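Got a structure for you, written out below as structure tokens; questions coming shortly.
Read from first to last, the chains carry the letters A, B and C; within each, the first residue is number 1.
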Amino acid sequence: MNTAWALIILPAVTGLCSLFIDSERLRKNLLVVVAFLHLYMSLQLCNGSAGELDGVWLGVDHLTRIFLTLTSLLFTGSAVYSMIYLDKHPHADGADLAGWQFLRNRNAIFVACMQLFLAAMSLAILSMHFGLQWIGIEATTLASTPLIYYHRNRRSLEAAWKYMIICSVGIALALMGVFFLAKTTTQHVQLFTPAGLVLFAGYLKLGWLKVAFIFFLVGYGTKMGLAPMHTWLPDAHSEAPSPVSAMLSGALLNCAFLGILRIYQVCVAIPATAAFASELLIIAGLVSMGFSGIFIMHQPDYKRMLAYSSVEHMGILATGIGLGGSAIAGALLHAICHSLIKAPMFLLAGNILSAFNTKKVEEVSGLLKSMPFTGMLWLAGFLAITGTPPFGTFISEFAILKAALQTRSWTTAGLYLLFLLIVFIGMLTIVMQMTLGRRPDDHADEHHHHNPAAKDHEQKHEKHHKHDAASAVSGSVIDEDLLQIMTPVIFLSLALILGFYLPEYVRQAINGGALLLGGAIL
Amino acid sequence: MNSIATLLALSCIFLLGSSRLLMSIRMVAFQGLLLGILPLAAAGDGHLSLALIFLSLASIALKSILLPWLLNKAMVDSGTRREIEPFISFGASMLLGLFLLAVSGWIVDKLQATEPVPSPVTLIAGFYLVFSGLLLLITRRKALTQTLGFLVLENGVFTAGLSLGSEFSVMVELGILLDVFVGIFLMGIMLFHIDREFDHLDADRFNELSDLEIAASPDEEVAE
Amino acid sequence: MISIHSVVFFILTLLLAPILPGVINKVKAFFGGKMGPPVLQLYYDIAKLMRKSATYSQTSSLVTRLAPVVIFFSTLGAGLFVPSFFREASCRFAGDVVLMAYLLGIGRFFMVIAAMDRGSAFEGMGASREVLYSALAEPAFFCGLLVLINETGDLSLSGIFNGLSLELWRQNPAIMLLIAVSWMIVLLTENARIPVDDPNTHLELTMIHEVMILDYSSKDLGLIEYASALKLWLFSSLLVGLIISAGAVPPYLHIPVFLFGILAVAVVIGCVESTIARLRLIHIPKFIVGSGALAIIALILKIAGN
């Protein structure tokens, strides 16, 4: 019990404290320490060695195990990566408590909000009470908005504003869903948890439950990035600093997904609503996959490409859950694999961005030659995210397809395959252009010729930027920091391992989660 | 309770037709006040608890004093006085508002067919506030009005919740209130930043990010 | 169906109608600190106009000549269904509310096409505004009627207004108040009063009703002026019927109370015209749609309350 609360309170408190910490070094170290502490405690909690929870407010079930571990793991990776990231973006002014200067120090805010973000996500995942869960998910929006606005320029401001407005509206609608859900039962709020409502499944009022599910799907679906409510996602993901994008895509979307899973858990307990909810989820999922397929084609910005890929994968998750049966276990596995792959992809995108200083696909080429490690990993990540065989995504996507074929939903299966193919082709053209091709130095001259501002541009930059940009242009192999590469390597290997071998711990959690959602074991 | 719901709906119609930001902010503050009284009216004389009164007061303080003050400050600082040329003219958005009012009535009627609704008029008002909030968000150009639209939507959600009589414990209610408050507060801070960066509050001129092309203005560094 | 009784009251209505504009003008003159024209001024005007012979523009067609007669008789026809003096109207049948509204509509239609017939740019503008505003006002009027129909269970105007009682005001004050305010706005709109239209304006650009009858003279103008006064009377009597419910007044007081009510409406209009400025044209649709909103809210309250 105490561990669960500690998981939420610890990062919240340290997050607030780091606003007031003067030393940049101390702040960064605190971030990493908290990350590892959080990871350790969540593993403890998920192993069941931390004692049982009463489950009225917070609880641990198999779904929690999956998503909490995943979130904590990704956060640790992002925190380590942030160390380097913050080194590259120093903030000159120290914290000055008297003049409220610390509120202008973007690095202090970054570190603080990262930890608050972690606290909010932990709350969203651990809470069983629907009202508390809503508070957690709304808090994730609030904590992550300053992170998106890290760069303090117009583009990030625009992205942050869109993110804030669209997600807040979505989550407000989800709150309406929570109110409707409370109406389904005459029992008092003591049992306002998925397990509690399932207990009274026979007595629930179906009309209200259906209305509540629609509001949950639209509300949390906005946050999860289901089309057509996904419009904030590409902007926010492409403008946020890379470690934040990794968290947004790998962890935050999962939190919102869990919000939908919680009410789905109640819906499947009753046959009438189960069919209704499944149908809506499949439609939402396929629409999202279709949307991302359209926008990923000829996407000029590689971070946006990754963002649309996230929309696609959220669509796959929704479709998988909607199909039921063994597809649910597949979808849960897919959620794990997606997070483990998408987060390193965003970190790698950060490496590319800091080296080439552009987000345009057309200005990046020859990655394999200029940044061998990043280039290799980028290619591997592409193969992984599109579900190519050795990776875990293949297993999960195949499980979902199998379920679609088994239930004879031919249209779903057909569209599912078609959209997967479109996304594969779309990403293939982009990634190939970036990794292969000539080195940047081969056309450095014409680059200068076409863009006379480039020279001034470089001069304006700070020292490190100048160094990176210069090395990119001169064609030498760009330095790649060990920490920059380590996190992606670890995550991608985990995703690779999941393709061959499912550890007993993961298998149990996935099967347990699938049973909660009315599915079959893997 | 019905008369409060009526006033809420009327204030919405006014908001949809008003071009003066100051009046709109005041109208939203008025809505916050009504919303604060609503739970007291819903509870009736016999069931007034201390927690309920505290929640009401907190809600009134936040929604009808603090947030309007913040928005008012943002408005004065940015020098914006009125909403100019929304995407749909004010008369048309009022007409659309009437249509939405009818739609809200229809939805609640449908709901009533399946499950009994304790207070249909208030629920209609709740739905209507949500719809008008969305309408304001979609059709207005100024970021400030969009914030107001979000507040109206949020008010609608609370009205609907009250009409359903779904109460949680005080802690959860406070948490929800806190979240909403911090949300609007952040929006308010961002309004200042938008005004400083863009020299205007026109959200429709946010066009740096789009899928069609990356608008990389020459003076803008691509930061990373 | 038609009793002598109701015919007498109908004739009384026709006789008294032109007094309303006179009362309004008196009130406005009082606010302006002036003597103002006599209350019976419109009678003198009509009498004078009826003696004169008409002139027509060469570009006008038969429509221009026909319109005043149609306007006059359609308004007269509508008057047959409107109950006055808390009594039955001359004619009644289930659904006559629609006939009454559309008889007035025919009058408006002829007014508009006659305005367009003469090909003046100003008159066309007035016509377009007239059509827009009355189209906006119509839903408000009918929503209010729907509530009353729902309340009394009768589909004829006479049945509705005789079915009203003070009990309604006691039970649902909000609903009745909303309808009353909404109908007041409809009345101001339909009869081209401030703040929608200014009957005394001198600038064609801002006129609505007046600009459409600029080209009329003599008998035609007399008929139209009379029809306008009658229309004002009809709407006022509906409003009086709504506010002072028929059931609340003992039969021997019907005539004095009704006359008092209708004069009160005229005085209120006069006060409104003296204190409020005319709205800018772009704000008028909002004003009228607002009345529709009131009526729809009343309707929702009524339906949800059942």
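Just so it is clear, contacts are C-beta pairs under 8 Å (C-beta built on N, C-alpha and C of every residue); 3 or more make two chains touch, one makes a residue touch a chain.
Given the structure is predicted, the values throughout are model-derived calculations rather than measurements.
Taking the mean of each chain's C-alpha atoms, the chain whose centre lies closest to the overall C-alpha mean is B.
By number of C-beta pairs in contact, chains A-B lead all other pairings.
Computed from the mean C-alpha positions, the centre of chain B lies at a distance of 38 Å from the centre of chain C.
One simple way to say how far apart two chains are is to compare their mean CA positions; for chain A and chain B this gives 29 Å. For the pair chain A and chain C, the distance between mean C-alpha positions equals 64 Å.
Interface of chain B with chain A (complex): residues 111, 114-115, 126, 130, 133-134, 137, 143, 146, 150, 153-154, 157, 160-161, 164-169, 172, 175-176, 179-180, 182-183, 186-187, 190, 193-194, 197-198, 203, 206, 208-209, 211, 213-214, 216, 218, 220-224. Against chain B, in their complex, chain A makes its touches with residues 129, 131-132, 134-135, 138-139, 141-142, 145-146, 149, 151, 153-162, 164-165, 168-169, 172-173, 175-176, 178-180, 182-183, 189, 192, 205-208, 211, 234-235, 238-239, 241-242, 295, 299-301, 304, 350, 353-354, 357-360, 453, 457, 460-461. Residues 136, 139, 174, 178, 282, 285-286, 289-290, 292-294, 296-297, 300-301, 303-305 of chain C are the ones that touch chain B when the two sit in their complex.
If you check the complex, the residues on chain B that touch chain C are 2-3, 6, 9-10, 13-14, 17, 89-91, 94-95, 97-98, 101-102, 105, 108-109, 120-121, 124.
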